[in-house]
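First chain written, first letter: the chains are A, B, C and D, and each begins at residue 1.
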Amino acid sequence: MNKTFQKILAKAKSENRSCFVAFVTGMDPDYESSKKILIELSKYCDCIEIGVSFNTSTSDSSIIMSANDRAIKSGAKTGKIFQLIKEVKSEVKSDTAFVTMGYLNQIHVYGIDNYINDCKKSGVDGCIVVDSNNEAPEDDQIFKGLTKNNMAYIKLIAPTNDDNYIKQSLKKSSSWLYIVSYAGVTGSKEVNLDNVKKLSKMIRKQSKIPIGVGFGIKNYDDVKKVSKLADLVVCGSSIVEKIKEGSQKGLTNQNLAQFVGEYVKTLSEGVKH
Amino acid sequence: MKIPPFKELNAPDSLGYWTNKKTGEKYGGQYISPLLIPNLKKVEVGFQKAMKNKKFLTNLEEQLVNHIGIVTPILRSKELEDIAGGEKKIGKIFLKRTDLHHDSSHKPVSAFSSVYFAKHILKAKKIITETGASMNARAVASACAKLGLECEVHIGAVDAEKVSLNKDITELYGAKIIECHDSTKTLLPAMAAALRSWQSDPSAMYVVGSCCGPHPYPLMVRTFASIIGRIAKKQMQELTGKLPSTVFAVCGGGSNLSAISYPYYNDKKVNIFGIESAGKGISSGAHAATITGKAPIGILLGARSNVLMNEDGQINESHTEASGLDFSGTGPEICYMASTGKIKFRATTDKEAQETFLMMCRKTGILPAIEACYVIHAALKEIKRRKNPRENHLIHLCGSGESNVGRMLKYKRDNE
Amino acid sequence: MKIPPFKELNAPDSLGYWTNKKTGEKYGGQYISPLLIPNLKKVEVGFQKAMKNKKFLTNLEEQLVNHIGIVTPILRSKELEDIAGGEKKIGKIFLKRTDLHHDSSHKPVSAFSSVYFAKHILKAKKIITETGASMNARAVASACAKLGLECEVHIGAVDAEKVSLNKDITELYGAKIIECHDSTKTLLPAMAAALRSWQSDPSAMYVVGSCCGPHPYPLMVRTFASIIGRIAKKQMQELTGKLPSTVFAVCGGGSNLSAISYPYYNDKKVNIFGIESAGKGISSGAHAATITGKAPIGILLGARSNVLMNEDGQINESHTEASGLDFSGTGPEICYMASTGKIKFRATTDKEAQETFLMMCRKTGILPAIEACYVIHAALKEIKRRKNPRENHLIHLCGSGESNVGRMLKYKRDNE
Amino acid sequence: MNKTFQKILAKAKSENRSCFVAFVTGMDPDYESSKKILIELSKYCDCIEIGVSFNTSTSDSSIIMSANDRAIKSGAKTGKIFQLIKEVKSEVKSDTAFVTMGYLNQIHVYGIDNYINDCKKSGVDGCIVVDSNNEAPEDDQIFKGLTKNNMAYIKLIAPTNDDNYIKQSLKKSSSWLYIVSYAGVTGSKEVNLDNVKKLSKMIRKQSKIPIGVGFGIKNYDDVKKVSKLADLVVCGSSIVEKIKEGSQKGLTNQNLAQFVGEYVKTLSEGVKH
């Protein structure tokens, strides 16, 4: 297991709570603001998932697609995101884990080995690659590269996936596994606890890997409910919406970071059991 | 006419890859969020079942013959022969008249087959698809209307605003049209929106407009569409007693190209040409010529293939007068066939295609789809170059141009 | 498919009359200024020659098959059977898919044949025709483009102003479009203008859009167009092993009606129905139902036939949503067949046809020409009335509706 | 031969000139004006050809079609035209011949026998039926009816008609035969004297019937040239244009009649050999 994840999971356990994971798109709305936001959020989050924008993603909600658009407009590129993470890490004292979330095309274009190297160099703790099929040759390469370099490979599992798929995913997952709470798009429905319970049960039969849950977790109550079932609780769309709201108000940099930070602080308090 | 049955000539591996043995490069695959994996598996298993189900295949064929009208004629075009230099110099030119199909293009063949498959094999009640210029949407909506399935069409808001005969017909066929306001508000985000919608509704079936997308779509679409080529191959044999020397088709996603050329994949003597849109010229960057423009390999909408993109892997928008070719990728099997050299590629500029459109109207009395004009221009050029009176040339006239009339009349008036 | 050769079943006399033996009433003839008599004689003699010229007929047929695509399928429509009460109650319904023709209607069959005849038999260099909604103009212009003849189209200025896909396509095909500003500025004065133009240019040939006009046009048009019916009759025989009980077609001038029903003229057991447009209702006076509306015999555009006119003999304008049916007369042979009772007549209102259009789109996935919706409505009504599970019904789906989309979408949105 | 035609042809011969024939559409622009015009024109014309408007005529030029439109708008009907001719005749002292010119449909609707009766009653001297085919049964009926009642049946012959057609027409023509000077539409081209010569020659071989010539005779010079070849010279379009011009100026009744009359007077002077 990746060291940072080891630490935050242990810490959370000791505090009788789950880990809180925030998702934001890297460089949304721009490099400097995003940097301040990430630094601010790391005060309240055990882990931050940073979206690497892809303009033709197949699985993002409209909310996240527009965040991607804003980021791309302000110059987001794979390399820039690494720089951002590196700079943020250097200013953050706590053990916040940083995870990239992106699509295979950009990693492919960047070069898989190159990507893994730069993850390592910039202090990334793990990667999510939404559309990397377990059976694809690229997936093997990513899995091997991350594992070799002690970074987490975080696989997504949906309620509609079958046993076989879960098995495959478990084989390649390290540090934690990401359960999608419903078959749908991020932010589109309410978190589905029944699905989570069912999936956790299936996974628990085969593995002790920590379980994160995301999709549809929008407020303090959602966080609270899910944290009873999960080791990590992921909030995305509502935070991204907050960034949009703040920047539409004209806030930038530190002010925006505080505005988003206050929101995330409240959310994150839900993880206390 | 007895239609020759389908025969698999170029199977991908079990993961949906076509692998170039020389370069090791893989094309195809299934790059998609885990949420769609089960949906795709259902389609994959269903498709295998369907291809072994004689009753399904017979009934489908009967509908394709009598409803879509797939047994279209092959017209020997003396007019085009004369334009290319005369039969005595360049041989004979044959046009496969796919423009005479129900709903006026090759699209209804795979669209109807896919919806028929969804209904009878998957027992789906709803179809989800996306569209740019609505040719695909029109075809899918028509099939859904006939077969009694709900039809949901995703279209970019920018595309939806454009005047479009096909979009209006899609609405008349009763499809629910959902505008997509994401990103560029054009085809690519609409495709993503359709996939996301499917992700939320696994009991529906997604239908793709060309031989693109994750496995098994490229395989399924070309298999369904290839009935056009099976018929054409038989017709050409009856007409000329031999294999054609050349087969020409335009290539957007690649469905009409594979539709007509697939049955010739193993015929060494047949030269297959795929024609792309060079837009304003390949060097201008404003084009849709994925292969001729030497676009790199990427992963777009679930499959490995040549993709128009920038150095960061962001997909570039294609540019072309032909909305049916306005796509940043090309189907994986086609890319594979291009990589082996079996399909040769050429590109025609918008201007050349527009002039060809006017020529076709005036000299042949045929109103071609603008898409088909890219191939006609390039074919005439290649035929003139070959200058072989013993050759027979087959050109896929893949659609008729009712929906291009407004823009083309403006072009005509502006340029005369 | 081997197409059955033409056989004359209902010859007019040498002056072009069909005479009802019971009433003594004459239909047809050649009522025209002496200036046009020699032009008509040339056509008459040429047509007789052509019908004996095997090479001409074979070559023409080859072009009709491969260019116009006349071997369209016959689709058994379970959807319509279900709407009418189910096969077990009403028998089987078959649609002759003339909508799949090149240029999307039956018009191109007689238009192409006439132009081919003009070129090869009369050695004409120019064609003159008139048009209302441009379906005929489109077909004639296409044939002229392919065969290299000049094409002059007369259109009423009011019709020319209307947005019309077919008019735009006519222009793309390179026809010279002449606006007629006479009188009502609609079809009738445009027809007169075309005839006057021919009067000035006897080396040209006039082509008429339906089986109307002075002898030999009604005879020639139905003879050329009847290839549709010859094919359909053979197809029906192959599909059902017997004659259909009913044959339904819409009737404007009558060309698509005679096209499909002519081969059944001597088959006593076949019930032929011609369907007219009742417009806003026959009693409203705003209709195009010459025969159902019991219009008297008059002499219009060179022939004796039933004509919408006032008590002074001034021709009344017809009124109908279907521009292809918007004509104040009916072809003489059809009027004759109506008078003998062999063809029975019904009329459908515009509203009924519009609703049928929407139904066809939504339930069958076919975009019919609005003209075809008049016949489908009336056919379903008659089939329900007959309620005979042993009957086979043949409906002529005479065109596809691309050019109706704008108005019909507006209708749909306004009525939902 | 019809008596009036006998007289005017004899008179013209004695004056060493041809007859002058004016064409106007009956009731153009309205009943009263048309009446005054006809009365006025009869001063200068040996014969007046009165168009019975048909809204779907196949052989009239646009000029005449719009005259027809004007007439129909002001109520022109077959019966009304008879009334007009009757009233005019009663006021005209000279031996002007009156001829109706129309299409078969209206005659058919009026009833052929009825039409001939009303011609007789209103003093019509002859009829032209543009689209009555020599071989049509209606044509026989009209021919017989007119002949029986001593009215002229005036047939048109075009330069493109063959020998056979001319023969047929001659059989049915009485009083005079109308030669169309070119294959075209009234008013569209210049009068074609070569055609006229050729046709006259053909006709003269078979018959001594007086010959009228029309189509393209627009001015004094045209009239003069044609009158050398013809027994009757017909002017139409240019007179109809004059009526339109006058009524567009706002002239009505007597003023309009004088305006048109002056023009016709000049034209008619061309017939003096």
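Quick note on the criterion: a residue touches a chain if its C-beta (ideal position, glycine included) is under 8 Å from a C-beta of that chain, and two chains touch if they have at least 3 such contacts.
Values in this document were obtained by computation on a predicted structure and should not be read as measured data.
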item: Set of chains whose contacts include both chain D and chain A; value: none
item: Inter-centroid spacing, chain C versus chain B (mean Cα positions, whole Å); value: 35
item: Centroid spacing, where centroids are CA-atom means, of chain B and chain D in whole angstrom; value: 67
item: Approximate Å spacing (C-alpha centroids) for the pair chain C, chain D; value: 38
item: Chain contact topology (line, ring, star, complete or other); value: line
item: Complex interface listing, chain A residues touching chain B; value: 54-62, 65-66, 68-69, 72, 77-79, 103-110, 130-133, 135-137, 155-158, 160-162, 165, 169, 180, 183-185, 188-189
item: Residue ranges of chain B in contact with chain A within the complex; value: 15, 26, 29-39, 41, 181-184, 188-189, 191-192, 195-196, 199-200, 202, 296-302, 307, 309, 311-315, 328
item: Chain C - residues contacting chain B, complex; value: 65-67, 69, 71-76, 79, 97, 99-104, 141-147, 165, 168-169, 171-174, 358, 361-367, 402, 405-406, 408-409, 412
